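Each of the two complexes below includes chain A, the first together with chain B, the second together with chain C.
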Partner chain A sequence: MIFYICMMALPVLQVFVLWFCVNINSIFLAFKTYDYETGQYFWNAFTNFKNVFYDFGRIPFFGASIRNTGIIYLANLIIGTPLSVLFSFYLYKKMPMSGVFKTILFVPHILSALIMVVIYKYFVDRAIPTITEIFTGKQIEGLLANSDTTLATIIFYNIWTGFGTSTVMYSSTMAGISESIVEAAKLDGITPLKELWHITIPLIWPTFATFVVVGFAGLFMNQAALYNFFGDNAEYSLYTFGYYFYVSMRTSSITQYPYLAALGLILTAVALPLTFALRKLMDRLGPKTI
Partner chain B sequence: MATVKLYKPKANNERRSPLYIAIFVVLTVYIVSMVLPLVWGITTSLKSQEEFRHNVLWLPQGAPWLWKWSNYIKVAFGFYENVTVVGVGRTRVYFPRMLVNTLLYAGGSAILQTLCPCIVAYLTCKFKYKFSKFINMFVIALMVIPIVGSAPSEMQMLKTLGLYDHMWGMWICKFSFLGMYYLIFYAAFAGLSNDFFEAAYVDGASELRVLLSVALPMVRNVIGTVLLIKFIDFWNDYQTPLLYMPSQPVLARGIFRLSQDSQGDFSTIPFRMAGCMLLAIPTMILFIIFKDKLMSNLSMGGIKE
Partner chain C sequence: MKKLLAILLSAVCAVAVMVGCDAYRPGNDDDKWYEQVDPSKTQLYVSNLKGGIGHDWLYNVKQRFEAAYADHVFEEGKKGIQVMVDTDNSVNGAWLILPTSEWEVYFSENVPFNDYISQGQLLDISDVVKAPAYGETETIESKLDESQKTAFTAMNGNYYVLPHYEAYRGLSYNVTVFEDNKLFLADDKDNGNEGFIMRLTDKRSAGPNGKYGDYDDGLPATVEEFFKLCDRMAMVGVTPIVWPGAYVGYAEYIVDAFAQAFMGADACRYDLTFDSGNDTVEIITGFNGDTPITQQISVTNENGYLLRQQSGKYFGYAVLQNIIKNIDKYVYSLSNNNSTFTHYDSQEEFLVGEFENKPIGMIADGNYWWNETSVSGAYQRSVNQFADRAKAENRNFSWMPLPGVWSAEDGETPATELVLRDVMKSYCFVNGNIADKPAKVAAAKAFVSFCYTDESLQEFTTTTGVAKGLDYELTSEQLASLTKFGQSCWTMRQEGTVVRSISGNQMFMENEQEFTAYLHRSTVSGQSYQTPFTAFKAGVSAKDYFMGNWIAQSDWNRDYSKYFAV
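Moving on, here comes the complex of A and B:
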């Protein structure tokens, strides 16, 4: 028991101070305001919340943040997740060039997101217009520079670099499926598509559901690599909440902290029931999630 | 005479399935789309800005030894980041100093963020107290509880505790067992047979000896994998040090600044690409050496029984 307490003390103290106290303080902060003259925080009831709700209807980047956060999550869920499962199935079946594919899929996870962004940014803005001109004779604007294609280019980037961890996780989990189940199904003449749909996906459901739920839980903190692309200067129309929070922390003074804490609390109140609803839904569709 | 038809695996037929062919095509396109910009980035880093203006796509002109390898030297020894240090004022931090900061930040944080979940997972897995169950539930619950916007409070707390803008402050922040890797370590310890531990106890080993000489060596592969992943994550992380450790820039932050600055000697695309490649070299070397380790031992959630 003494060993247990001694070993547990520091990690628990760390979490108590830097997680529990931080979050409790964040709730208090949302109900305070900072006075520059005295250098003190004062209680101000719901003023910060009123300001946030007022700004939702007034400041354009809030609307853009809601829209972009949703679009980027849905694009990843509808396009990225099915592709991840298909890629994993291919790797799990050890089809031709699986090793090469697996390695390259993992590269964006190894290289800094910053490096990927810098290369991608100049490739789509400088190389692609040059390639287009060579093949079609037409001069086009860079895909990021052209405001009509900027958001789509960023969404593509997020899907394009997002396969690494999920593919490795899914294919590792698929590798744990009993060979006898698969062999029995093959004796019955099952096709690969049916095997994927009726055997593989139901059996990896816990991992799949975990990824979907955890991904949703991080919805409002997702920067979508915007800071890597634009630093502090992204267009308002591209904002996500994750980006807004980070840029505000970089550029705002401490007078803004209570406002940010209130916004965070509102978004947590929105995300919490939605996350639990999604978890329930995944529970219903499959056997068990975390 | 009756004949028995034996089952033969249809490996070749299976490979010709439209599903696999379609995935193969998509993956091939993906790989080309991934490799092409990377190769383009490398070749661009070896051009002068003047050459890049006229030759955006193709290899640098001339023999390889005539390419602008000097871009790398110039970035490595000439590029600096301006920071403000309390009591000193505005000062320049050059690439080598950023490298030292990165090694301290990534190395220290990776060790602490690997050992902490590992030890806590061992304790909760092997000592079945109510508190262990609580910790287990707590970690799992936190993974799906979305907490948004606690950064202002965190900043306040770090400043109050004197952790802000200190390397050791960052290490303390990273000494946390929360997150996915706790579950991975927990699964690793749960898979170990109790016989090993009991044999050690019978031999008179203390709890600490059992942890250090029996438990940790038995999960050393998982420790190694998590340590590598964490090191690479922290090596590439510039946003946390930028926010919480502003006077001690790491390499990734330097490259971020290099990629954003529109003025100065280094604000050209070839220099930016050279900076990116310099940042990428160590992680790529680690990846090449430990590729199999990094892409294995990652399993969470499991199989439906």
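Moving on, here comes the complex of A and C:
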């Protein structure tokens, strides 16, 4: 009984310390304003929330932030996740060169994110225009430099660099699938694709669902590596809420922190029920093993 | 084999982590300035922002200060002082966590000093400022201008900061390239060479200030002449302008520099003070086609939103729009939004272009760019590659005064006031967390006073080529010891008016970030732009961009009405 209570207390304690205690000041800050004369924050009820809602109608880049936040999440979900599952299956089945591919995929995670961004920038803004000119004789702008391709280039980077972690996770989960199940299916003449669909995906569903739900929970915090690419000065058309928060915190003065805290709380209020709903949905869609 | 690989990878990761941690240790022992703490002396910990100004100037002061106070007892049982310098501080002045910091005296930039003062995080140094600097008879306060005295003491009457270096942004030009290609304008506009000099001895035009025989002769006096110069450069194989494609915000330096030239010093100040008194500024209320409709207004807190509509700001955008329209002709190719072309790269290209037969006429950067070429290693690389001719004493760069007049009739001599806007909010201050340590307070104050003697100010300038934001002179020998670029910046400072990004206006002080940063954001047809570069590349006009930058009266009232009666 004591063991059970201790085990249950652990996550509660973790939430209390790592979420509540860490964020409590920010939560209170959302209801305060700064007074220069006293050097203190004091209560101002819901003024910051009113200002945020007012700005949602006034500031166009809030719209862009919502759009880009959604696009990047969906791109990762719709393009990145299936590719990652497919590739994990390739590695799991130990097909040709799988070891080499595994190493290549994991290299971005060994190198610092900033180094990866620099390499990627050189590739898309210098190498690609040069290669294009050599082969076609046409001069083109770099993919980041050209505003028509910037967002797609950023999305590609995010999918590519996120690929390694999810692939390792999926392939590790796949490695835990009982050999006897696979053997039995093979005896029944199952094809690799059917094996993936009918055996592998149902058995890795908890991992898959966790990735989807956790990714959604961090939706408004995902800055999509924009800071590494552009510092404080990414164009508004590229903004995500995660980036907006990060840059605003870097560049704001003490009077602006309460506004940001209020915006954070509002976005949490949006993300929290949606995350629970998504979790429910994933439970319903998946096999009844979660 | 796998085990060996795993061990190697682990070792690499461990070393990377250790190196990372070590980088933040004070007095990193792999840097040449590392020194052991001397227990027989009092230590003073001084943090200097790692940036374009470098650390050499601080070591010069440190040496002299330690020698001057070698026999002074700051605390019982110790004699003398040891200044421990943080050479690895990359933290922006707005991001310092002062209450828990071990550093006692700071030299930093982007310092929101009013925020720190209101939170009680800075030490009151009024007694230092109001007393003569070390060994002098004049007070440090006497070296400050009126705007500084007002702004520094506006919070509660006390001094907490002193100005560090002055930083202006705009264009610099390569005098050698100008001379080699005869790019100066001749006084005789009909000389058969499209108005450009044919020989270096030809009489040059009066330049932007309208006076002959001084620092700006032969430079464009109107915007039309500026573009004529750009066309000429392109024609003779000189790339007119370079800026870092990775940070296209540098193109805004051109907007700001032209806007300042059009507006003049007083109007620039009203952007910060929101008080023009009986004076007026010209604003644009609309356009008749492409022609601005202007109006003169007096500025107060209540109508401060109209300052975004100052006509000079429109002309700044119009200049940049024209540059972007001709970007392939006027601008270095990698400056065109290439994310790999940083400010260090643009400085290096500007530095070595003339030796590689790819000369560049002008660079959009701050007055600290020359110093930054040493910090980045670009200068040393150029000397290594091109030997003596690349050495500082053989280079000739200059700050470029810009015209504040679009065009002029024949026979008319336009004149533009030279305005330099000190934008970096660079200050020296003492950490308030030492207030209860009398020995540390005494040492810190003694050091600050020492840093603001005329000798220290002059030494700072001769070491860095950059001025401190106070009133002091250089001897002719000291001036001669500067690089040509340093000399030109000093001359501009003496001849022009420096407008500092400070104000004693409560509305400004409590909302400084809003009034000094991200001023070029604009919304055109529902699309927000961070920088005019992107908008102009997308075909937005200067007129629309300018109007998209305006502030609505309702928004102004909502945000700032507490500073005036609605």
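Everything below uses one rule, namely that the second predicted complex is superposed on the first by the 266 of 290 C-alpha atoms of A that agree within 3 Å, B and C clash if a C-alpha of one lies under 4 Å from a C-alpha of the other, contacts with A are read in each partner's own complex, and residues count from 1 in each chain.
Here, a contact is a pair of C-beta atoms (placed from the backbone, for glycine too) under 8 Å apart; a residue touches a chain by one contact, two chains touch by 3 or more.
Nothing here was measured: the structure is a model prediction, and the numbers come from that model.
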Item checked: Partners on chain A (chain B, chain C) - clash or fit -> clash
Next item on the list: Based on the superposed arrangement, let me know which partner A:Tyr157 touches: chain B (first), chain C (second), both, or neither?
Entry: neither
Notebook entry, point to check: Is A:Phe31 in contact with chain B, with chain C, with both, or with neither (first, second, both, neither)?
Noted result: neither
Note to self: Output check: A:Gly39 vs chain B and chain C. Expected answer is one of first, second, both, neither. What do you get?
What the structure shows: second
Check: In this superposed model, does chain C or chain B come into contact with more residues of chain A?
Finding: B
Next item on the list: Applying the touch criterion given at the start, work out whether A:Tyr54 contacts chain B, chain C, both or neither, answering first, second, both or neither.
Entry: second
Note to self: Tell me the contact category for A:Tyr73 with respect to chain B and chain C: first, second, both or neither.
What the structure shows: neither
Check: After superposition on the shared chain, which partner residues are touched by A:Tyr243: those of chain B (first), chain C (second), both, or neither?
Finding: neither
Notebook entry, point to check: A:Ile110 contacts which: chain B (first), chain C (second), both, neither?
Noted result: both
Margin query: Taking the superposition on A as described, I'd like to know which of chain B and chain C A:Gly231 touches: first, second, both or neither.
Written below: both
Checklist line | Which of chain B and chain C A:Leu272 touches, first, second, both or neither | finding: first
Next item on the list: Tell me which region of chain B runs into chain C after superposition, given the options 63-71, 99-107, 153-161 or 207-215.
Entry: 99-107
Checklist line | Touching both chain B and chain C, residues of chain A | finding: 110, 118, 122, 126, 231, 250, 254, 256
Margin query: Touching residues of chain A toward chain C in the complex: what are they?
Written below: 36-37, 39, 54, 58-61, 64, 110, 118, 121-122, 124-126, 141-142, 144-147, 229-231, 233-237, 250-256
Notebook entry, point to check: Any idea which chain B residues touch chain A in the complex?
Noted result: 7, 9-10, 14-15, 17, 19-20, 23-24, 26-27, 30-31, 33-38, 40-41, 44, 56-57, 116, 119-120, 123, 127, 129, 131, 135, 140, 143-157, 161, 172-173, 175-178, 183, 206-208, 211, 232, 235-236, 238-239, 242-243, 252, 255-256, 259-260, 269, 272-273, 276, 279-280, 283-284, 286-287, 291, 294-296, 298-304
Next item on the list: Using the touch rule from the top, collect the residues of chain A that touch chain B in their complex.
Entry: 3-4, 7-8, 10-12, 14-15, 17-19, 21-23, 25-26, 29, 83, 86-87, 89-90, 93, 95-97, 100-108, 110-115, 117-120, 122-123, 126-127, 130-131, 134, 160, 163, 165, 168-169, 172-173, 176-177, 186-187, 191-193, 196, 202-210, 213-214, 216-221, 227-228, 231, 241, 245-246, 249-250, 254, 256-258, 260-261, 263-265, 267-268, 271-272, 275-276, 279, 286-288, 290
Note to self: Going by the contact rule set out above, which residues of chain C touch chain A in the complex?
What the structure shows: 9, 13, 92, 94-95, 112, 114-115, 118-120, 155, 245, 247-249, 336-340, 506, 509-513, 517-518, 521, 523, 526-531, 534, 537-538, 555, 558
